[in-house]
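A, B, C, D, E and F are the chain letters, set down in written order, and residue numbers restart from 1 in every chain.
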Amino acid sequence: MSILHTINKSPFEKDSFQTCLRYAKAGSSILLIEDAVYAAREGTDVSDAVKAAIQDKSVFVLLPDLDARGLNSNLINGVQSVDYAGFVKLTTENDTVQSWL
Amino acid sequence: MSILHTINKSPFEKDSFQTCLRYAKAGSSILLIEDAVYAAREGTDVSDAVKAAIQDKSVFVLLPDLDARGLNSNLINGVQSVDYAGFVKLTTENDTVQSWL
Amino acid sequence: MSDEMLNEEGNVQRTKKFMYVNRKAPYGTVYALESLEVVLIGAAFEQDVSVAFIDDGVYQLTKGQNTTDIGMKNFSPTYAALGDYEVTKIYVEKESLEKRGLTVDDLQHLVWEDEDEDYAEKDSIKVVSAEELGQIFADQDIMLNF
Amino acid sequence: MSDEMLNEEGNVQRTKKFMYVNRKAPYGTVYALESLEVVLIGAAFEQDVSVAFIDDGVYQLTKGQNTTDIGMKNFSPTYAALGDYEVTKIYVEKESLEKRGLTVDDLQHLVWEDEDEDYAEKDSIKVVSAEELGQIFADQDIMLNF
Amino acid sequence: MKYGIMINEGPYQHQAADTAFNFVQAALDAGHEIFRIFFYHDGVNNGTRLTTPPQDDRNVITRWSKLAEDKNIDMVICVAAAQRRGIVDEGEKDRNKKDADNIAPGFRISGLGQLIEAGIQADRLLVFGD
Amino acid sequence: MKYGIMINEGPYQHQAADTAFNFVQAALDAGHEIFRIFFYHDGVNNGTRLTTPPQDDRNVITRWSKLAEDKNIDMVICVAAAQRRGIVDEGEKDRNKKDADNIAPGFRISGLGQLIEAGIQADRLLVFGD
């Protein structure tokens, strides 16, 4: 069974991001929403961790949340942008959704 | 002027603890309350940071919060326990209070 | 009804695997208490229930909690009732304990009675690695994170 | 009344130093917005006001915020009004920017007009180290963390 | 596909209720069904009709009420969480001897079993919280 | 010593209101004065009289109301934050054309200036939040 992991907390503020990476298996999908979208940017203290995750997992970011925060540029290569329709589609393509809050 | 810093978040969950340590000057006081009391224990991943802080700052822990969490033992040497009356006293002995939330 | 039940339309429906994941410390926020209320209510629904404690969630199970001086309700005795509600699969993450300088001896001893073995008392808590717990997560139908 | 005012009993009272410390990202929570409302109201009280942005608080000042697709109010243009409210001491922590791969060019250019120098336009934002900001904190009367 | 939605935070303080709303809209637009939206923890505060948000901002509450009416969606507020936080319908008002109620149109108050049932009946259960 | 107290979280969800209450009690016991308690953000939810918490738990709201009455403490709810979250007194009810109010005894609704004034007048201003 495949899992869609969502994270909604900034990787700099809370441990949700690190714990999600600890639990997300190879082949699973991770969607960054709300304050977690900051993790999608190149050149931060967590961008290496995101690049490592992309090696064997799919990493997505919710574009409306990125736009809201004014940082829709300089994204890590391989992070895929989705809108809310794309978010819904991801929940249909995976068997379960785990929300890392 | 002397500052009393309070922290109410677990050092494992949020960045408040690390940021408070970054800002607390030598001679200032730090009071651990609510979920921050977990930082007062010996043998955790943050106990070295607390011990370093004790070298030039006063570190206090709110005993009622420690009791509630069942972990009123094996405290780091030099961390001083206070009750709510002691919390009030600390706010009178310092000029300002900064709450790291 | 071991792993099947009737749904609203009267059709047979597979029992679902519910996993409750607790990641927050008690008392600082209400999530631990209200999560426990969900688990207890959920136990009446004849589903396949598991509970996991990771990150600060492991603090929920510490022994000797005494809330007298903060004036809040001590709900920690309720964890001991989980066995009576047939909630017997309780996973605690090893790495989270270690990071916090805790061992399983710092936690409540939770048990359940196995009616298939003459009501033998068995441990409910299994200390597992994140790797093992991740495998268990991968097998669930419903993940509720608190 | 430069640094004195009358209190309720009509006695002369020293102006106090208010420091508003912003540590949270915008939109994910309301703290950034409601903190800004406090700063704007507080500006009317003729106190000595400073605002600091550290940790995720630095994200509050990013350029080009567009909230159309999340349906929330974009309050970022209001930061540009701080100068008009005579809030001219805005500190941004250098280490917090670096950790997030940001430079001051990613932030709004906030200015104020110095009436003592023929309304010359001056930068409001000062990028400072945690060490320097800690010294400034030590000199405050009131610390409000958001 | 049939969705169950759980919302754990109140309006305005956290984005959770906004994200959930946008997700639900998108799911409906894609032709999916929302089996139930369950409000728990501070999420129950989404169900008060007494708010008056600034006119230049979204109205989280009336948006939910309109959605419930337009799309006939079952929106359930947990009774235990509501009692702790002061969200009251007419039945709760009488039962707990209160002098007012504050529930918004389209919401109903019921037990936690409604959440478990949503987990059982829906194809996916999503949690939005803090 | 004269204290100003700011509370930024609602009852039950976070411990902030409990810690603030215990601090205020201890300050009063030590002979200090509480100039004002200011409720902001979700803290405004401390001021609803519609809660019915479990009988074996503390009642955060009535505890505040009793404290205000017994010790004559000024407890102020921020009007802007209250409008977003549905905390209403009689004046707000009329002004915003609501059909009910829900404010608890001992609380009053006023502007953010009351917080700044507390900072100016008090010897110490303490923030309790999340």
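What we mean here is this: contacts are C-beta pairs under 8 Å (C-beta built on N, C-alpha and C of every residue); 3 or more make two chains touch, one makes a residue touch a chain.
Please read these numbers as outputs of a predicted model, since none were measured by experiment.
Asks: To reach subunit F from subunit C by way of touching chains, what is the minimum number of steps?
Replies: 1
Asks: What chains, if any, are shared contacts of subunit C and subunit D?
Replies: Common neighbours, subunit C/subunit D: A, B, E, F.
Asks: Give the chains in contact with both subunit B and subunit C, ordered by label.
Replies: Expected: A, F.
Asks: For the pairs A-C and A-D, output the one whose chains share more C-beta pairs in contact.
Replies: Per the contact counts, A-D leads.
Asks: From subunit B, which chain is the farthest off, judged by mean CA positions?
Replies: Between subunit B and the rest, the longest centre separation is with E.
Asks: Starting from the mean Cα coordinates of subunit A and subunit B, work out the distance between those two points in Å.
Replies: 34
Asks: Using mean C-alpha positions as chain centres, tell me how far subunit A is from subunit E in Å, no decimals.
Replies: Whole-Å distance between the two chain centres: 26.
Asks: If you average the Cα atoms of subunit A and of subunit F to get two centres, how far apart are those centres in Å?
Replies: About 38 Å, centre to centre.
Asks: Can you pull out the residues of subunit F that are in contact with at least two other chains?
Replies: 8, 12-13, 15, 19, 22, 41, 54, 80, 84, 125, 127, 129-130 - these are the residues of subunit F that touch more than one other chain.
Asks: Give me the residue numbers in subunit A that touch at least two other chains, ranges are fine.
Replies: Within subunit A, residues 8, 12-13, 15, 34-35, 64-65, 83-84, 96-97, 99, 101 contact more than one other chain.
Asks: Where does subunit C touch two or more other chains at once, residue-wise?
Replies: 27-30, 55, 70, 72, 141-143, 145, in rising order.
Asks: Could you classify the connectivity of these chains, where an edge means two chains touch, as line, ring, star, complete or other?
Replies: Per interface graph, the chains form some other shape.
Asks: Using the contact rule from the top, write out all pairs of chains that touch.
Replies: Result of the pairwise touch check is A-B, A-C, A-D, A-E, B-C, B-D, B-F, C-E, C-F, D-E, D-F, E-F.
Asks: For subunit F, which residues are in contact with subunit C within the complex?
Replies: 12-15, 18-19, 21-22, 54, 56-58, 130
Asks: Note which residues of subunit A are touching subunit C in the complex, please.
Replies: 1, 3, 15-16, 19, 22-23, 25, 95-101
Asks: Help me check something: in the complex, which residues belonging to subunit F touch subunit B?
Replies: My answer: residues 1, 3, 8, 15-16, 19, 22-23, 25-27, 29-30, 32, 124-130.
Asks: Write out the stretch or stretches of subunit A touching subunit D in their complex.
Replies: 8-10, 12-13, 34-35, 38, 41-45, 47, 63-65, 67-72, 74, 83-84
Asks: Flag every residue of subunit F that touches subunit E in the complex, lowest number first.
Replies: Checking each residue of subunit F against subunit E gives 10-13, 41-42, 45, 48-54, 61, 80, 83-88, 92, 96, 98, 100-102.
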